[in-house]
Amino acid sequence: QEIKIALIAGKTGALEPYAKETETGFMMGLEYLTAGKMEVNGKKIKVIIKDDQSKPDMGRALLAEAYGDDKVDIAVGTTSSGSALAMLPVAEEYKKILIVEPAVADAITGDKWNRYIFRTSRNSMQDALAAASTIKAGGSIAFLSQDNAFGRDAIKAAKEALTMAGSKAKVVHEEFSAQNTTDFTAPAQRIFDALKNKPEPRILQIVWAGPSPMNKLADLKPERFGINLAPGGNILPVMKLWKSYAGTQGTIYYYYDFPKNKMNDWLVAEHTKRFKAPPDFFTAGGFAAASAVYTALNKAKSTNTEKLITAMEGMEFDTPKGKMNFRKEDHQALQTMYHFKIKKDQKNEWDILELVREIPVSDIPVPVKNKR
Amino acid sequence: MSNPDLPSKPRDLAPLFLVPVLALAMLPLIGSFPTWLTLTVAGLAMGMMIFIMASGLTLVFGLMDVLNFGHGAFVAVGAYAATMVLLPMKGWLEIDSLWMNLGVLGLALIFAMLVTAVLGWAFERLIIMPVYGQHLKQILITMGGMIVAEQIIGVIWGAEQIPLPLPESLRGAIFIGDAAIEKYRLIAVVVGIIVFLSMFLILNRTKLGLLIRAGVENGEMVEALGYRIRRLFVAVFAAGSALAGLGGVMWGLYKETLTAAMGSEVMVMVFIVVIIGGLGSVGGCFIGALLMALVTNYAGFLAPKFALVSNIALMMAILLWRPAGLYAIGRRGA
Amino acid sequence: MSEVIDPTQVDQPLLQLNGVHTHIGEYHILQGVDLLVPRGGLSVLLGRNGAGKTTTLRTIMGLWKASQGSILFDGNNIAAQATPIIAQAGIAYVPESMEIFSDLTVKENLHLAARNGTMDTHRLEWIFAFFPALKKFWNYPAGNLSGGQKQMVAIARAMIEPRKLLLVDEPTKGLAPAIIQSLMDAFTELKATDTTILLVEQNFNFVKNLGDTVAVMDDGRVVHTGSMRELANNEDLQQKLLGLSLASHQ
Amino acid sequence: MNLFRQLLSDDLPRSRMLSALLLLTFFGLAAAPFITSGARPLNTAATICIYIILVASYDLLLGYTGIVSFAHTMFFGIGAYGVGLALSSGTPGWGIIVIGVLLALILTVALALMIGLFALRVRAIFYSMITLAVASSFAVLASQLSDLTGGEDGITFRVPEILTPGFQLFENDLWGRTIDGKIITYYIVFSVCVLLFLFLLRVVNSPFGRVLQAIRENEFRAEALGYRTVVYRVLANCLAALLAALAGALMALWLRYVGPKTMLSFEVMTDILLIVVIGGMGTLYGAVIGAALFIIAQNYLKNLMAQGAESLVDFPILAQIFHPDRWMLWLGVLFILSVYFFPTGIVGKLRSHKLK
Amino acid sequence: MQTSSTSTVSSPSLSTRDLSIHFGGHVAVNQVSADFYPGSLTVIVGPNGAGKTTYFNLISGQLNASAGSVSLFGQDITKFGAAKRTRAGIGRAFQLTNLFPHLSVMENVRLAVQSRAGIGLNIFSLWSSHRELIQRAEHYLDRVALANRSNDRVITLSHGDKRKLEVAILLALEPEIMMFDEPTAGMSVDEVPVVLNLIQEVKSEKNKTILLVEHKMDVVRSLADRIIVLHNGTLVADGEPASVMASAIVQEAYLGKGVA
């Protein structure tokens, strides 16, 4: 008699690196919480890992398989928002819990949501609000993002966020470039032309999933026109390339050096020991998801879905980022974010960011978008 | 010796004017001169990088009639190989001395080309050899090679994207008034021109080109004339792969992050260039690459939405004008 | 003029096939070919369609591999050699279907055939004398030439440099009478420059007064060998050989 | 028996082994819901059915006409989006499905004609590259028009009531399986695929089919014999495209989802090529055998490799190579080997064995 | 061969007016005008590169004329493509063998028969169900004595057999105009008669128009009702075999008496 948990991630294909981090984080999470015994409520925890190759149809099939054939009690996943969105109805069909990590699309806890869905990862809106909270003052803003569902969502959110955060800044330009754009000269020119001789401060906010064009733009010296870049945080391998842009500010979901709590300390120490590198963005996410699962099972003292739901709604749980909690309305985990600045003198290759300010949940008033 | 009443082929110059004409035509549309200059120079440089990646493909096709869908794999391998030099010698790259940096960079380039050349050699022996003259099988088998190569990269270097920072002294841009020109792109221009010229000379000034073209049409007969055609083929293929590797390093340094799929991502672009140029024509490929990069930049500035399909549009336009590309080679495969 | 050689007097033949078998795929084509090509002469290989003449030449050239038997060229066995080696040993080949490089110009075709790089202009002029068309179409893509002109290119390719042995497969096919004339002259002169020629031919009149020795093939075997004079003057022997091939055809 | 011949268009397997395999596949698929249980096996079976048609139609181009096209997934996608958009637009019903499919087919023919007339004039080798370019930009487009197509995420939509898992045909089980909407859907997919396959068999064994082969062999001569080669190739192109579109429609119906990754990505194209080659080009039975093997491998190979990797933990590099995340590596190798060692594919091998 | 040309009686089935083509600066066929009549056999001779094959290509549509016109039974077909001309009744055997190498001998002929029957676009009937077509194909294979190889793939044929297959395919097309381009080139002495007799037979049916390019003088003499001489693309002689063969130009440029 054991407790089965399915972890679905895009382990092969475009998002492979992210998925790997999530998996590591999730397993380390359980290890830490169960003190290595992999047991909860006296039952063994069995984790079944599935690779949806970031394909929505696969995700859907695998989740159905997990609930139907493997009879798992809780499922966690997945990397690609598309795949995650396709999974939501399956959870409803099988009346089982699905904890979404690390997909960010707002719709997951928005109009596509159903009561079996919880999310530990932040959503685009939280990113946006965090970013907005750093731009309280007036001035002019331009956005650069990729020209697809994610990008357009993000910018929509970002603008909404600005008003909610009560920022006086004015949005003067939105630039959408194709996902596979390699040469950013043209977009940059357009943005510069739009921003220069608009009221100061002039900020170019970059929202980009995958390798960010941040340094391409920086190379074109936006400061010529008094323009500051505000990149969204990214995974370490990408941010390593930002070294030479010390001083640039942005917001991020997790950076190993920011949170101060023993869970994170353990994670950083262990991870560095095992993988010769500090934990990253998605590692923390995976860890958080594990914690959510563990805490829920612990609290519900059962694997019965209804019991779990009641237990989880409003549940507070520890994560490497400190406390999170699933708010009742849309099961979105509310969490802190970080306002960072790129360091000038860096001690080692992983020493990239310095903390400007931890953005408390209170500064990130995520609107409730779902209907129950 | 040639006969008066048989006109030897006339020089075909029209394509040469495409690039300058296009550039000048855009100036009024764009309006501001600095912007135009920035876009144009950037475009030309980007074109050079694409050309380097495409040159190997068009060479191998033009000479050996082998369409290598696995070409992208060599691009990726080249870039990854370079990391084996660049990352260990990071120290040297961070020193802000141009010559230091270039030295290391040169080293990386050579190493990458060696690796890809060797790989190409093996590739030819194991994969291409049995399918000479059979386009269909070539396409299939080289695609298989592509898949395997990418996966092997995953095995050796891991799935994570690898950051490959530019040397300090090559970062940033130089400014002419309001026009910005990234330093690294200038390097690309230089390398591109060197590659182009050397290929052009070798192919048109030596017996090599002849021999291989004949060998492709009828290898048996060339052997019956007493030449070891196989050796030549493998050499050419290795050269083509080395060029892909070179392109890969340039490209990798430009993108600064490497993924196993980086090669296959550019393949479509490369193919379009090769088609525009006329399969197998180095000159055509050169012009094609420049054209494509410029069009992309101008479109990106004037009408971003159109930029998505600008490549296809360009290809269609060229093919309507010249169904076999700018410079058609022979009547082979027709 | 060429002095006629009697096969019986030749000390060591230039080329000698002993019991050569050749398989193509699952087909057993050559079934034990024995053939002597004496030095400095012109030997003719006759036989009906499908007798195996072309296959024999290709086997000598190493384009098909002999599955059995030996092929001695200048005393050493080339049966297992790779084609380029055989060619370098001094054998030139004019294939049945010409196999000229149609992407290349006439000039480039000959340029390749001249392995030592440069073409000797005297020899070139000498060839032009036989095939004026080549001079005319010197810088023309060979693929655009007429059937006969292609044939000329193929032959010229084998003559551009001196070789010990020429293997020629049905050169007169598609040539106009005038050109056939000059082809005869060409072969006669080649013989004078102690080049040995092995000639596969259907056109008996053409080889009648050109050949020294003759072999007749049928069903992958050599069924008759002897001197050409003998065959040329002996009506009923001709009858017999042709009759034989006729019989075996139905 | 004679009827049977007629059904198979007189194109019999011509090998005992092959016949056995084909029968196995057929009955396996026919009885899939009852000899297996659970979501995945049924999903696998349905995918096999659909891929058989997708691949067979592609073989009409590749194996019979000698055209290498990379636009096949595009048509597959068009068919799928046709159904997807139709069903997501309003209340799911049969009428709207039909309309969706029809619109898709029209678009398909239009595109196929356009590409065909434009590109089939240029050199064959060009054609493959051009289709590649067109298809890839179509995929980009599909993910760009996010408000219509749901962008990269695609669209999850609802199907008519009787096709939903909720629906039950009889209240009690049949041979230990509840006949729910899924199974009904499966049998719709299955039977349509059988029909389409028989149709294809007929096409390739018709005079038309032979002309296609002739064109593959020697286009110039075919023209000289009085066949307008361009017409034939364009026709073949359209036929293949139409069937691909239908396959796509079925796929969408089965998955209740459409999206660029599943329908338009280059991976799908590679899969098709893999299957054609492994199964055997120029014979439709190749598509059957190939699809069955490949899809099963795709769904179960990883589990095997996982075990393999387990046993190899102490040889890190080997473990790496056998790691389930590296399954594509093995498909690639398989691909090369099959082009290399049995260019005629499994079917070709089986038949040649029989000859000896 | 006694039948002296029936030309004067009926009206021409095929005629070319000032037909010309040039490649770059090189004029391959130069304003050739000629009429050809049903039941007649015209042999076209001329040095290599005279333009014979090109002339054929212009008639059968493999090449498009730079100037001049081709008409078939009075209808101008200059604008027609190759396929259309074939269906209109112009058949052609190639000088350099040109077949479907990997299809069987049978299928090669069968494709020709089918084209004649015009059912190429038929998708629903079965290839194997058209018995009568198969019999027709077998019949023509018999006539060129290839029946015994009908199931072998073409690449496995010897050169001579390929030439015969070329002829079989031409016959199978059952065209009004039959053009043979050196049909006996590379055929062994005992095979040549097979083909010549075939051509004789067709000729004796008196309703086909036959054009023949041939270098073998004995063949020419045995078959021709009429001889046309091309030289450097221009028509230099046209008429009764005897007189034409005797003419100086032929002796000079073609037979090469006194030359070399």
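The letters A, B, C, D and E name the chains in turn, as written, and every chain counts its residues from 1.
Keep this in mind: a contact is a pair of C-beta atoms (placed from the backbone, for glycine too) under 8 Å apart; a residue touches a chain by one contact, two chains touch by 3 or more.
Here the structure is a predicted model, which is why all the values come from computation and not from measurement.
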{"item": "Intersection of contact partners for subunit A and subunit D", "value": "B"}
{"item": "Chain whose Cα centroid lies at the greatest distance from that of subunit D", "value": "C"}
{"item": "Whole-Å separation of chain centres (CA-atom averages), subunit B against subunit C", "value": "46"}
{"item": "Computed distance of Cα centres, subunit B from subunit A, in Å", "value": "38"}
{"item": "Whole-Å gap between the CA centroids of subunit C and subunit D", "value": "53"}
{"item": "Sequence positions of subunit E contacting 2 or more other chains", "value": "none"}
{"item": "Residues of subunit C touching at least two other chains", "value": "137"}
{"item": "Numbers and ranges of subunit A residues touching at least 2 other chains", "value": "16, 147, 178, 180"}
{"item": "In the complex with subunit A, residue positions of subunit B that touch it", "value": "32, 35, 38-39, 42-43, 46, 154, 159-163, 165, 168, 171-173, 175, 178, 180, 182, 254-257, 261, 265, 293, 296-301, 304, 307-308"}
{"item": "Touching residues on subunit E, where the partner in the complex is subunit D", "value": "60, 62, 81-84, 86-87, 92, 94, 98-103, 107, 110-112, 114-116, 119-130, 169, 173"}
{"item": "Touching residues on subunit D, where the partner in the complex is subunit B", "value": "62, 66, 68, 118, 121-126, 128-130, 132-134, 136-137, 140-141, 144, 266, 270, 273, 277, 317, 320-321, 325-326, 328-329, 331-333, 335-336, 339-340, 343"}
{"item": "Touch list for subunit A against partner subunit D, complex", "value": "11-12, 16, 51, 54-57, 60-61, 64-65, 68-69, 81-82, 85-86, 88-89, 93, 105, 147-150, 152, 178-180"}
{"item": "Complex contact set, residues of subunit D against subunit E", "value": "9-10, 202-203, 205-211, 213-214, 217-218, 220-229, 231-232, 235"}
